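Next come two complexes, and both contain subunit A; in the first it sits with subunit B, in the second with subunit C.
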Partner chain A sequence: MLTTFDRRGRRPRAGRLSAGLLALALLVSACGGADAADDGPAGDPQSGGTLAIGIESDTDVLDPHRAGGWVTYRVNRQMYEALVDEDLSKTSEEAPIPEIVPGLAESWEVSEDGLTYTFHLREGVTFHDGTDFDADAVVFNVRRMSDPTFEFYDDRSAGQTVFVWQHLQSVTAVDPLTVEMTMKQPFSAFLRLLTQGGGGSTGIISPTALAEYGNDEIADHPTGTGPFRFVDRVRGQRITLERNEDYWGEKPYLDSVVFRPLPDPSTRVSALRAGEVDMIAVPSPDSVSSLEEAGFDVATSAPPHLWYLAFNMTDPIFSDIRVRQAVNYAINREGMSEDLLRGTTNPAYSVLPPANSAYEASEEYFEYDPERAKELLAEAGYADGFETTLMTSVDGSGQIVPVPMAEYIQQDLADVGIRVKLDTTEWITYLTEWAEGIPAGTGMAQMSWGMTTPYWLRNVTSSTLQAPNGSNVGHYSNPALDEVMQQAATALDEATADELWRTAAEIVHEDAALAPIVNDKAPYVLSGDVQGFVNPSEEWYDLTSVWLR
Partner chain B sequence: MVGYLARRAGSMILVLLGVSVLVFLIMQLVPGDPVRTMLGPTATAESIAAVRADLGLDQPLVQQYVSYLGGLVQGDLNTSLTMAQPVAEIVFPKLGNTIILAAGALVICLVIGVPLGVLAATRQYSLFDRGAMFLSLAGASVPVYWAALVVISVFALELGWLPTSGMYDVREPGGLGDLLRHLVLPAATAAVVPTAVIARLTRSVMVEALQQDHIRMLRANGVPERQIVWKHALRNALPPIVNIVGLQVGYLLGGVIFIEVVFSWPGLGGQLYTSITSNDMPIIQAGVLFIALVFVVVNLIADIVVALLDPRTREAVG
Partner chain C sequence: MTSTTLGQKVVSPVAAGDTVAAHITSRSRPALMWRALRRDKAAVVSIGILVFLTLVAVFAPLLAPYDPLDGDASQRLEGIGTPGHLLGLDGQGRDILSRLIYGGRYSLTVAVLPVLAAAPIALLIGMFAGYFGGRAGNAVMRVLDVLFAFPVVLLAIAIAAVLGPGLANVMLAIGITMVPYMARVVYTATVQESAKEYVEAARAAGATQAQILRQQLMPNVMSPLVVYGTSLCGLMIVLAAGLSFLGVGVTPPAPDWGVMTSDGRSVLLEGYGHVATIPGLVILVAALAFNLIGDGIRDALDPHKQTS
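For the complex of A and B:
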């Protein structure tokens, strides 16, 4: 629950009484609380203990191929590993983009034509059930996600991971420790996409366990190769993992980890203050500073997250580029980040989210300039403004506080004469409506998304991916952009690809097809006992380096 | 009495059938595609169609409902769309947790609400009466969400007596003691409104009961006041109290949803909230059906108790 303020520091009129009562309750809670931390020297890492993490919602299925969403991947990632991994041991400052590092594959080669990937697998790795990890296990898993003729093919897994396997031609076990994958076309983002987990991930499941439990039941018996193994799950209460004593890599310090779903933000904060959990995800923006004052550590990062508006290109008003530019100039991104979101976000000026190889933070395309916005509107024939609708959710994964943010935009746009009506829907319904495309009569829709590859941009701007057949919900179409992105996607080396992706981003900016608003800093709040936690440039984290004092 | 019970049971089944049809139809009107949600924004139209067919969501509505009902008769509650698990495995443990919470709240309601009302009635217009009635009016008007935040900050954070949320300690899940410690705050918060309602109703029926002729006669005969109040007057005032308690159970089952959210109590209310937002039809169906079932059964029991307490009702309905 959030007490929301408008930019002048006033609470919205409606609900002022209940907001006042709430503020009282929060004040009482802010005064009390367990002492968070003794700030003595941390000392050397020590083994043992149980880390309890308060997470923002209950997770989806513990099946890495089928599961969607960041919340679930943060759990699955501790148990499952993919062929390649990202180095999550560095903060965003140390490594703005997590480096691709060996996972279950020790090394790999890509053929010169970019069509063949040869993975050399790690020797001596076993799954949590004792099954040996080998090339056949990899082939089994890939076919489960991509081959409709396979006995264990799973259409849900295929639906979730199509973004990884869309260009796959074949997968073969060359020998017990070598796997070869061939592509229908070069696919420069392939390795990076193997490490992703926002919607479906490619973690390798024990084939023995899959054969025993089947596609539906495997989620109740997670069996991977990761540093932690599954202990139990009580829906709505906890998911418990323990150290994998046979792990091939650095073994974790922690004996066990408990993920505890605490969907209400104030409950999460209370549980942290009372010491019932050691760290929490997604604190409400207005609790962060009081938690810091109480001695809790706040770890922020720059993950690939962009909260942005898409414009409806088929709308008679928004088809005019000057209107889209005007909206971009009229929004005070700094103000929103600082005043409304209390520094838990950074203002966003690039249509590419941070944490990918093509991202350039220095780009500031549409700095706040309401006068310029008014001029552009006047040029477009809207000197007296116009009326339009903005679609928004009321909550959701990565959405921060969508309604207050939409209201903030509403006020900024009102200042230049654009009268915005808000069309608010709860998250799941919103996702469906959003995926259908922005309807006639609605000018804009917001979304929060991103990946550690610039390939992400294609999802939301390619004319071939116009809704409902993709996530280009504003029906944006620019053949020149499509051409550049096709070259980028099939480029043979990363440097060429990045250059092309930057050109693509430039075109999107010139067309003002999207309005980037803010990048989330994804804060985690930790008690002083939690040591070694790194919040990397990703939407998830590694727990092997964490220890308790 | 047997005929009465048979008729009540018959109408109960009709009510439940009606509830299931209503829930089914309402969920059809709600926008949002569960499969789209399941597969995320990068899913293709083909993969969505494949999964829809897999789940039988491409069949006509009537057929979907009939096959659902057919399964229900055989005790098959279907499979959750989002969790790929049998609904019974999800719903029953959650329903059990909700019943634990509601039962805890009910005990508090009865132990506090009834005696408070009786005592207020015997001291009509006294300071105690006015104080108790003012408190219960305030109690009946408190926003539950706010009350929950206040008790958490006072009893869990400030005083540190009780845990802030959850049902068991997550680091070392314990037994009954651990459960009871976690139960106190949510149950007490859930009990606030029903306790107030029960106290106010008890007071008013007791005031009436205490003014009746036979009570005056008992007093004239020198029966001790304590016996008059707790034995004779309360006995006559019980039927409406039992009725309102039955209704309050319904309120508790439906009303604990906020409590479950704020205290992260893993109950059916919280599960329904999540399932409604993800359009998980089989869970919503089963959840609402079971809440309706418990509500109907509890009220049937209340009616039977009333009939046993008051022969006039029995004759009127029987």
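For the complex of A and C:
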């Protein structure tokens, strides 16, 4: 019943309908009439099949060191592995923060002073091109990302992964299966950062392939050690991967995976309903319940994915803390989550998301209170309100539905007298403008981001990382906060670090430097044929456990 | 120059036997046109529709039952016939009828103003190039050809991106992108008309070039421009909506009809079709009205139809 190539064969009715009567079929299914998948018992996992995934935008380059963005990492991490990995086999409920587990390193030790990391590599691992994985390969890769004197040093890779290697002193191959890294200072978040992929990531590339194709061309010939290997990419159309038959670990059930960029949410939902893809990322919030009624499975999670506003601290109005507090009080986060976003998000009150070791439920911060907001504005001398601008993208990776959300905020703020103009920009342009910092005359900027390590907070609040030299786009500066975060970053044990990060988060709250709005549940919608998919507490997922029935 | 543009086909205001004495003066033209137009039922109804829509937009604060910008999210997406909300509510829980009523202020302005602004520029460029021709005229038209090479939307995005978002800038951007198209229509008509006997006669009678351009040629090239311009009006609403969708147009929460339609697109197939289709229908009606008026004017200007 299951064939490798004919995915539609499994749902002949939907497939045929889609050819001629797409609109009609969709209307019918919107009314809850269509049967998306036969819901029988799942049975035992079986091998074979092609999984087609509708993703929310085209990806960046398939070079793990250079690439940016969650969308791209979700593809890259199927082909590339880092020294350490995360256990993505558990849902957010089971593991709010994915456990760090061995990757290409079987085990590791950290010296007492927190300065030396010794990684013991896995034996018998080969890259997709047949090259053996060993300590030299690791050194080659790390030097590509961090050592300007190295022949294959790559500026772009270094820029994208600086958050990982910034404190690295040296990297040496002690023997073919042992790598030693020394740090200039203790760096408690190091292991976790090795597993992250929001910016650049540290997946190990075959040194033979890098030498052959060079730093620029390697993205067209991805060669890693991961469970899937690269087949082809048609820009804007698809990326195809196939099972790595020589994989060292549990081999995937799937024969192949096709990632299809479908930037428009309605198109993604239509493609899923028509059976053109088996699962989609980021359904429009309004489609979720009708998809569920039509028999699709919705997998939500609680990844570190905070949709927040940064305030322009250099703005004459927003430099007043009472104004920033007022905005925080004026926004009805529950209403936005429940009404506008139909429960696809959770209201966010903390700048650290729940998927974070230093998270503390802190709902006493800025609970919806428009009266309090009005009082604060009056105290600040804005009893009659004021006019300001909120900059937002119109779409983009992880942005949920930014314009309707901004309009919602606009209405909430209008209720307390703040007249907000929206400055809307297409995603790629927006990212550039955002990275340059909030311009004069604009009071707030929207972004959505986060990491499982509280170290993330430093990215958006440290005075040393003010835009354009970092992601502190509001030019927030608090020396006391910088000091606490420096201590947290260099703390030797995680408990001390977490305690310090909590203090740091508290300072950010007291200063009302950011307005956390919602935490995304990052829903994926799957056809009933997709089994074994786990949506973990990260913005990416593992596909080795997925199978098709 | 090939002579198959829209302007060429629709206009034959001065038929073969024209002489300088028989050419229609600019003063009598509107009156004649109106008389002919009144006989065209479709055009009359269309004018009625546009007048109605305009009046509704002008008196929006008196007519709209709700604030078009303030929504109640707990009621969002409720359908046609919801108590108190005749046409239902949109994705922010705003009253769709109220937004339509106010939306005319944006959409009708966007439909008409860019065309009105582009017309005189197009008239100047087209007549200059068409009448004087030669190297300068050719150069002007080649420059316009370069602009033709860019898709309208791309050009409008580029201009709007430089100017920043906002209704005025969108209109400016759209207006600029329309100039080459309208100038081409004027140019073709001018070249054609310039070769006619009445122009020669005027020249022989001692008319200056300025007089020939203004008194003889302009009334005759105006007609294809008017016809073409009205047909563009509906397109403008859609183009402006497209720019808004790309983040360079009318900014939310402005109740522009085009923006309302594209807003509703994401829930179109989720059982909330009313959000997109209602403003879409209004755009359709308005665009159709503009086009029918254009057709009416064309027929009214057609001497063969006038006599029949």
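By our rule, the second predicted complex is superposed on the first by the 512 of 549 C-alpha atoms of A that agree within 3 Å, B and C clash if a C-alpha of one lies under 4 Å from a C-alpha of the other, contacts with A are read in each partner's own complex, and residues count from 1 in each chain.
Note that contacts are C-beta pairs under 8 Å (C-beta built on N, C-alpha and C of every residue); 3 or more make two chains touch, one makes a residue touch a chain.
Predicted model only: the values in this text are computed from it and were never measured.
Colleague: Is the arrangement of subunit B and subunit C around the shared subunit A a clash or a fit after superposition?
Modeller: Overlaying the two structures gives subunit B and subunit C room side by side.
Colleague: May I ask you to decide whether A:435 touches subunit B, subunit C, both, or neither, giving the answer as first, second, both or neither?
Modeller: First partner only, subunit B.
Colleague: Of the partners subunit B and subunit C, which touch A:426 in the superposed model: first, second, both, neither?
Modeller: both
Colleague: In the superposed arrangement, which partner chain does A:235 touch: subunit B (first), subunit C (second), both, or neither?
Modeller: It touches subunit B, and subunit C stays clear.
Colleague: Could you look at A:270 and tell me whether it touches subunit B, subunit C, both or neither (first, second, both, neither)?
Modeller: Touch status of A:270: both partners.
Colleague: Thinking of the overlay built on chain A, is A:260 touched by subunit B (first), by subunit C (second), by both, or by neither?
Modeller: first
Colleague: With both complexes overlaid on chain A, does A:495 touch subunit B (first), subunit C (second), both or neither?
Modeller: After superposing on A, A:495 lies clear of both subunit B and subunit C.
Colleague: Using the superposition described at the top, determine whether subunit B or subunit C touches more residues of subunit A.
Modeller: Looking at subunit A, the partner in contact with more of its residues is B.
Colleague: Could you grab the smallest C-alpha gap between subunit B and subunit C in the overlay, to the nearest Å?
Modeller: Minimum C-alpha separation, subunit B to subunit C: 5 Å.
Colleague: Can you list the residues of subunit A that touch subunit B in one structure and subunit C in the other?
Modeller: Shared contact residues on subunit A (touching subunit B in one complex, subunit C in the other): 26, 31, 266, 270, 425-426, 429.
Colleague: Considering the complex alone, what residue numbers of subunit A touch subunit B?
Modeller: Contacts found on subunit A: 1, 18, 21-22, 25-26, 28-29, 31-34, 50, 52, 57-58, 60-61, 63, 66, 68-69, 155-156, 158-160, 162-163, 198-200, 216, 219-220, 234-238, 240, 258, 260-264, 266-267, 270-271, 273-274, 276-277, 425-429, 431-433, 435, 449, 459, 468-469, 471.
Colleague: State the interface residues of subunit B toward subunit A in the complex, per the touch definition above.
Modeller: Residues in contact with subunit A: 30-34, 36-45, 47-48, 50-51, 54, 79, 82-85, 90, 93-94, 143, 145-146, 149-150, 152-154, 156-158, 160, 163-171, 173, 261-264, 266-267, 270-271, 274, 277-279.
Colleague: Sort out for me which residues of subunit A touch subunit C in the complex.
Modeller: So the residues of subunit A touching subunit C come out as 23, 26-27, 30-31, 265-266, 269-270, 284, 286-287, 290, 335-336, 339-340, 393-394, 401, 403-404, 406-408, 410-411, 414, 421-426, 429-430.
Colleague: In the complex formed with subunit A, which residues of subunit C make contact?
Modeller: 69-71, 73-74, 76-77, 91-93, 161, 165, 245-248, 251-253, 263, 265-272
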